[in-house]
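For reference, the structures are reproduced in the following blocks.
One chain, subunit A, links the two complexes that follow: it is found with subunit B in the first and with subunit C in the second.
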Partner chain A sequence: MEQMQTAIQVNHLMKKYKGFTLEVEDLHIPKGFSTALIGENGAGKTTLLNVLAGIRLDYKGEITFFDQWSDKEREKTGNPVKEMIGYTGPNNYYLPQWTVKQVEEVSKLLFEKFDGAKFEKYVEMLQIASTDSKGKNKKISSLSDGNRMKLMLSGVLARDTELLLLDEPASPLDPLMRDVLCDLIREYIEAGQGEKSVFFSTHNIADMENVTDYAIIMERGRVVEQGFVEDLKEKYILVKGEASDIPTAEKILYSITKNSYGYEGICLAEDMNKLAGLDIEVSTPSLSQISVAVMKKGTRIHLQ
Partner chain B sequence: MKLSQTSGIPIYQQIADAFRNDILSGKVKQGEYLPSIRGLAKELKISVITTMKAYELLQEEGLVTAMQGKGFQVNPQDSEMLKEQHMRHIEDGLTDAIKAAKRAGISQKELREIFEALLAVQE
Partner chain C sequence: MKGIKCYMAYTPTLFKLIVLVLLPVLVLGIECLNVLTDKVALFTLISSGVVFYECLADVWNMGGLHSKDYIGIRMVQSSKRGLEFSKKVVLYDCLRKYIYMAVFAVANLLVLYFSIGREAVGAYAQTVWYVYWTSTATLMLFTLICRFICNITGVFVLTYMASIVASTLFALIVACNGHQTLWTVAMVVAPIVSIVIGCLLVLVGCKKMEGSYYDA
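Up next is the complex of A and B:
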């Protein structure tokens, strides 16, 4: 692959809390793709997203946006980075007493490139509220968690951005809406023709696998694996075998699930020769299977 | 295009197979472009990187060429160009084998014997 263009690049990022340290040596969010940030609750996903979104500014390290602007430059007035990024939080960030209409008005004031008509189109399409006066006067406090998430998504999609930062967008959504979310992400990426990128976090990657191009797996404040999904699927391999071989396989596999008939687990493709002689069946793992294995292993291994 | 998540055949492989058939059967003609990578991903509800890998595979096989900023164009079939691309592919493979033999200290004579033996097996 040619020199990768990035939407965001992070170097030596460090943020310390009492009892928790976020420490990211090197992280890329490739431009033109959809990137998933995968990790258990408490792995540091939200902290990282908050730093990238500019919500937290008390950290050490360097962040480069769109291969061009530093995080320091972003904070200067007139810098385009803020207009170029759309962010949705894990919880609703609109004031509870606002109406849907007021959300639109405030967004217009805050963002130069906010398109009111587009916003209303999404509000209707995502079935958050009707477009008549009754719907527009609906209060945020009366919306369900799912509808609040959809409203934030409408807010960012109504703007002309280059990057979406979405913190657990799928969590409050029902299965049908998760599917719609995946479609919205693909539409955004397609419309960008290689220029627009999406970065979202999730603790349930299974729902989002088919919209993930690049995966970053975090554990206890660190990035333990990152790479393009198709490369990861070649780096790791899913192994199934007989119960009698469990003692040998256990030493080599990253993660192993056993029962009285046999076992199943993930190992590095390069370690396959160590399983020589065992009666095994191999196949390509899914991203969820890789993620679980990497998180179970919990050590730092980099994609070559 | 029918894609199966459970067939055991990787999705990128299934996509490449479908387009290969279309190209070799003449359904997609030389000079035509394959759907855009991101457009196809949206259409098939799969990730961009998967369609990209499918197209890269077709490119390696010499069936299509990536045109800067325009997408993947179908190559002329059964032509000099296609043969040239195949030749390049073969040369690359053999060069790798020669390098590997050098690293392992295997003589040219032995290497030829391996090659002959493999040829015989294939036939």
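Up next is the complex of A and C:
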């Protein structure tokens, strides 16, 4: 089998906080695809993205970028890795007193391949602010969370990058804009012709599913599942059945939701034969259903 | 030139308008308007005023930079040039403060030159020299301290203290009048102290920028 080309490969990554440890043994972000990072609050998604973007440097382990450069090399003068990565994050991304115009000026100074005209095109297209002097002098602090996210996206899309690391890009956006975000991600991937990749964290799995090729699910600082969405949909099967079969089914199913009429759950394909004899209805689960099932398995949240 | 570009891009527009243009123009206007016959007294008053507003305005631009909670600006950190950019901003802000204060000192001497004559400048130049270095030393010291504080009330108190300290240091030179040795020592020590504190301000700022990439 041909070895998968990776945008990022992580080995034995460890970062400790008080009461939390991010421990990623093995993680691959395939090149040329869109990868979703899924996990409950506090699973370590932002920490992982910060480490990959190089804005957190106190960790142990190895990271390889574009199958060429290590994380140590990334920090060396003249290394192109940081220039090839566009990162957006929800907190402290800009100074609140900056204006849209200043964001453009600072970006020009910070990033070699920043295209001012492209940035203005996105600012106008995404309706963040008008591109006249009044709109450009709009302060970051006066922008809504959604517009701030759109501005961050404009900033990274105006650069010539090979990988986008987007921390919760969909969360502050309205449903229409989430759809536009999916289009932007798809366009970015397609324009790269197999060379450009996107890695984003999300809680809005259903909205982002149509743009997700590969999924990584995290739980308590660890990667508990990863794979191409199509493969995951073969690995997990959605099962629905009668209430009378619940005692048998819950011993076999990977995760189960019960009510007075019956049950619905996710079953591992390899365990399907164990359900023989039960009156069940099977279908292909959505990524959202798979993710919830996997997260449910490991969660610390249990309703009494 | 790149450093100036970085500083100007980083600095908020209103800050540029008020602190970099309007207030200095006001200060120079006061100096030129001959509001006080004693030009040195005028310069000491102006200097303590500048120390006050510069300390206060620094919160606007770089408030909390040295504090434990400072976690950096993510966009800047994600860039290869981010650390260099941040360091340049810290350095050029410090240099800008020295240059602005020097402009006020030179303007004061020029007004003196045109209104009284060359001899008057000669006699007062040493005092202006001392006032320049003590005011910059005070400004650098209190800016250094204020950047550790995120609380605006705390910064206000420190800003008042800064102008009191500056005024006390100016008064000391009057006390030194007639003591040639003390006078000479003050003239030499003031610039050294000012430059050392200025360097410390830049160093601490740069260290904090580097430290913003680490949680520990």
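Quick note on the criterion: the second predicted complex is superposed on the first by the 296 of 304 C-alpha atoms of A that agree within 3 Å, B and C clash if a C-alpha of one lies under 4 Å from a C-alpha of the other, contacts with A are read in each partner's own complex, and residues count from 1 in each chain.
Throughout what follows, a residue touches a chain if its C-beta (ideal position, glycine included) is under 8 Å from a C-beta of that chain, and two chains touch if they have at least 3 such contacts.
Owing to the predicted nature of the structure, the values given are computational and were not obtained by experimental measurement.
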item: Simultaneous placement of subunit C and subunit B on subunit A, clash or fit; value: fit
item: First (subunit B), second (subunit C), both or neither touched by A:110; value: second
item: Partner chain(s) touched by A:279 [first = subunit B, second = subunit C, both, neither]; value: neither
item: Superposed model, angle subtended at subunit A by subunit C and subunit B (C-alpha, nearest 10 degrees); value: 150
item: Touching partner for A:82 - first (subunit B), second (subunit C), both, neither; value: second
item: Which partner, subunit B or subunit C, touches more subunit A residues; value: C
item: Subunit C versus subunit B - closest C-alpha approach in the superposed model, Å; value: 28
item: Interface residues, subunit A side, partner subunit C - complex; value: 17, 53-58, 79, 82-83, 85, 87, 89, 91-95, 97-99, 101-103, 105-112, 137, 152, 155
item: Touching residues (chain side subunit A, partner subunit B) in the complex; value: 32-34, 182-183, 186-187, 189-190, 192-194, 209-214, 228-230, 233, 283-284
item: Partner subunit A, residues of subunit B touching it in the complex; value: 8, 10, 12, 36, 38-39, 41-42, 45-50, 52-53
item: Subunit C to subunit A touching residues, read off their complex; value: 2, 5-6, 9-10, 12-15, 60, 71-82, 85, 213-216
